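A short write-up of the structure that comes next.
Labels A, B, C and D are assigned to the chains in the order they are written; within every chain, residues are numbered from 1.
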């Protein structure tokens, strides 16, 4: 008899795990709330550190999922814990009796308008990292800028928005995007306002060096307020903490590097299952070292950013190990 | 301080120093400040140890002072050096020993530059030919005079009359060694023991019975720096450098300082007087200063030379307390008598420094 | 004393051994937020008084930790207490009380 | 007037027939506890009064003196004392049952004393002549000392008997409620009550005992000295139980002891307010202000605190139980006890939202005392505002610009407010000068709140110079903190100072600005400094009602709950502020409005961090609904 596995979330984690599990011979059902698969990856243009096209990667990943029953534009309506399985009712009316459940619900981008002083949604030139990717994809327009700024840590490392943690990917994304902007608008001055530059992965430092060589200016100071000049440009204020002087600069585009927050729809599912979340809002794993894919419920597993900010490679590793854990669990049963 | 750790580093920086047959060039500054040192060097190497050290009155300055003060361009300095090398070649020598650290640094710098840019060497050879009609050859071995004394340290120890030991207590003397910056900081591989823990002076002190003390600011420059001391208003900077070194070595209670550079002994010695006069502070015992010596002076003392023949009366900081410690007899009455037996005049007594 | 035409220049190095640990721990006692700064510079950048004269809580805190209380007090002496820095601080530091406490502890009367 | 006194006096000289002193000299040992108590309290009060007057400045003393003889203030004094001290109208308005309890005890007791004295004046006037005649105690224990022949009972006499019994019953009903409140305070509308101190307990139990004992004592003697519907039946009951030979002295002893003890405990207990409140009223009506946290006027305030604990529920910090200790009532208690460490801790913690002052039945201005307390520590701190000396308006005043817009420091962190205000002004066709577009000098209110008055004054004078030089006619503010200080401390002659809620209301009423009716529902949050601070409640509501459906908050206007972002607090940390914001939002969303509207950049930011529903600024709402012509 084939076991049913329900994967919630059709982003990179859900796709990767489903393609492995379907090859192992399981009956895999994938639920995605958006109309298309891919999660944030589908909205991204290129990936750090080497500028891989997100679209190509996604295409390759989707191709591998042959045999997976995918329900897009579908949400989980209710979940019940049965003796050794989960009874899940989907918003399209289908009921699934799942022997194992994988939460790959990922993250939401921090709502940048919450940082009132940056004026997202108020000043025209203030956009988010996601907007900029859309611009690179050709779905969003910005005026040709003379100067562009990137604000790192928007909604991350900030107690005022109840997220004191680092979102892990914004630094590398910002540097990647800054390079991309500089390539698109060669004449533009590009500034990155950072608190600490966390370029921890393989090749990330190379990306940083590349950005420096392209003439991107890194300013160690967090932007504190943005105002509009009489010409409608953006007056950005920060402290250059390395020279101990407040600085201001007039920019045309300011990109806010919105951080990672727990996914709201993921939270709804977890809420029905009474899953515990940590103070940061992300799900708590069974332990912090050996069972990162397991939850406190038998047969319920995690992969990807549902348990905290992760890079794409991290997420894919987690998806693979989650598949292994699920296989172990079902075989033992 | 883990002594074995230093030994490991010393092992990595072994410098090949030929035993004999050198072409010797003097130091501008040392000739004026410590003329007896170079005389002693020649006396020890030639007469006491029987080495072949050749020197000629035709050699000049290396151009270092002018070069480091931005008064002449590098090419000029290189041409002067090429002329020195041409003299060496002319007198049939292949090993080059210089008395000055600045020169030593400049020779190293020049040789390295020529190695990297052979076309520049060609150009300098051309310059030299045009100006002096001379041809030069690069020395096979380039050493500093202190390298040689280091090489001979055990031979000197074998002939020594005194040791760097306090005869009253039997304890080894506590010696601060100070290496000229241009000795190995520019090219660590060119110095005995490298740049971080140079062994050249340490080796001498150990061979002669003393104990080296290692203090936090040992790496720091003495403050000589051409640009600083040449202009009066900048001398505060120079003074502050020396001050910092003395503040740092003071808690270790050193008995003496040994140096291998022209400027260092001069500044370490004279600035003690200025600090005493302006700050009222002295660093030696009972209001004395810490006596500062060149390595030749120390070698001379160990071998039993008369202190006044070594020119120790020209020091600002009195050397008598150290001589007493080492048990070296001296005649105070002869301190200010010249070679000809006539009084050379006594300096004014400092207010503060004994 | 002889006038040489030059004199010792004071060391520009920060000597952490000489810093006033007791006063700083007193400060931490009355305002524990003194330890929370991550030096992002938001306070300095948004400072109302900073428009007129160099004013920086971030820098002042650093100066205190480095034992330079004169500089710290100078950096805060123009503070108008408006509270903008409290609003923008990502670490949620009670900046106004911190400034008040620094003044209370370090101002000699 | 004199004639009337004359007749009264002559009248009182006549002892009515049938009233006989039962005791020679009209004295019995049992009066001693009471006499000791009452003498002590009189002396204590006199010393206290002299102390307070001594610490007033000469100017203040003069002011106080003249106010007593200015008819307007004198009348107000009488009215306030009657309403506040006796009838407790303030409590009636908010919590009727609690109000009844207080007025029953206060007014009832007052009437008992007054009627007792009138009775003596009418029937045994010679005992009021001097202390030696028992003036101190005789009217209190009147019923013990006399024998009245039943044949001579007059109508007038029985009216007094009736009135005395009536008011005694009135007081007893209040006492009964008070006892019930001790057990279940919530029934009388109080979630938290204060923890009583030892002196409080002694005084409290005495107070509880006084009136039942009086009933007993007068019940025992009702057959001899007369009585009415309460005491007479009681007397009969006693007779039935104990026979005719009633030994009533012990109850009178107990009654006197309780009274004496009560007076002895009074200065050290919360009940001191009974006597000091009139003084506070008189001084307040004379226009005196707190200068020092413990001397002069402040002392009158401190001793007038009834420690009732109404401020406990009022304080926004008390959403967390751990913060109960920072309430005004404890602040004042520690001031009385000179507990320096705690005083400063509490003074610094307060948000200065003013709600405790607004709700205080006695009207103790504790925010002012806290500010004065902060000043004792902070006024010495030096500052240097010389760099701000040369501040000049960056923009040239536009031709004919009458309005100067001063956004204030905080508004610069809420660009939405600035943008909305300026675009509303533009829509209304108003030319304006933007005083601090590129940053400006702080208004001084935060400095003032921190107790650094001198520093604040310097900032105020610099800003004042800038404003006066600009030649504007209206100073428009978007921050209530700025508004409060500009209004109270600036003295800008010839310039109208308006908060934007007021100004926009005016523009809309005059028809210079037209707004359309929207569809959404909203609730308005009263910012502390704007509402309680400046009394602006109606104007914003007026405008919002024309724009959309205005829902009510659970508590609003002067009972509105601070957003937690107030600059008033010096030490409250970020987490606790968040908790306050949450409770304030809960209060606002009682009727499920679609959005919260406020008129202060601080409230705006505090709410936006926590609110589940959209938070909008007043100007933003107006701006969204401007009807274009």
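Basically, a residue touches a chain if its C-beta (ideal position, glycine included) is under 8 Å from a C-beta of that chain, and two chains touch if they have at least 3 such contacts.
None of these values were measured; they are calculated from a predicted model.
The chains that touch subunit A as well as subunit D are C. C-beta contact counts were set side by side for C-D and B-C; C-D has more.
Comparing the CA-atom centres of all chains against that of subunit D, the greatest distance is found for B. Centrality by Cα centroid goes to chain C. As a whole-number value, the distance joining the C-alpha centres of subunit A and subunit B reads 65 Å. In whole angstrom, the spacing between the mean C-alpha positions of subunit C and subunit D is 41.
Centroid to centroid, with C-alpha atoms defining each point, subunit B and subunit D lie 88 Å apart. With centres set at the average Cα position, the gap from subunit B to subunit C is 47 Å.
The multi-chain contact residues of subunit C, meaning those touching 2 or more other chains, are 46, 87-88, 92.
None of the residues of subunit B touches two or more other chains. The set of subunit A residues that touch two or more partner chains comprises 117, 159-160, 225. Chain pairs recorded as touching, per the definition above, are A-C, A-D, B-C, C-D. For subunit C in complex with subunit A, the residues that touch the partner chain are 38-47, 50, 54, 56, 58-59, 87-92. Every residue of subunit D that touches subunit C in the complex is listed here, in rising order: 348, 377-378, 380-385, 387-388, 391, 409-410, 412-413, 438-442, 444, 446-447, 450, 452, 455, 459, 567, 570-575, 602, 605. Every residue of subunit A that touches subunit D in the complex is listed here, in rising order: 114, 116-117, 119, 122-123, 159-162, 225-228. Residues 232-237, 239-240, 243-244, 274-275, 277-280, 351 of subunit B are the ones that touch subunit C when the two sit in their complex. By the touch criterion given at the top, residues 412-416, 419, 574, 604-605, 608-609 of subunit D touch subunit A in their complex.
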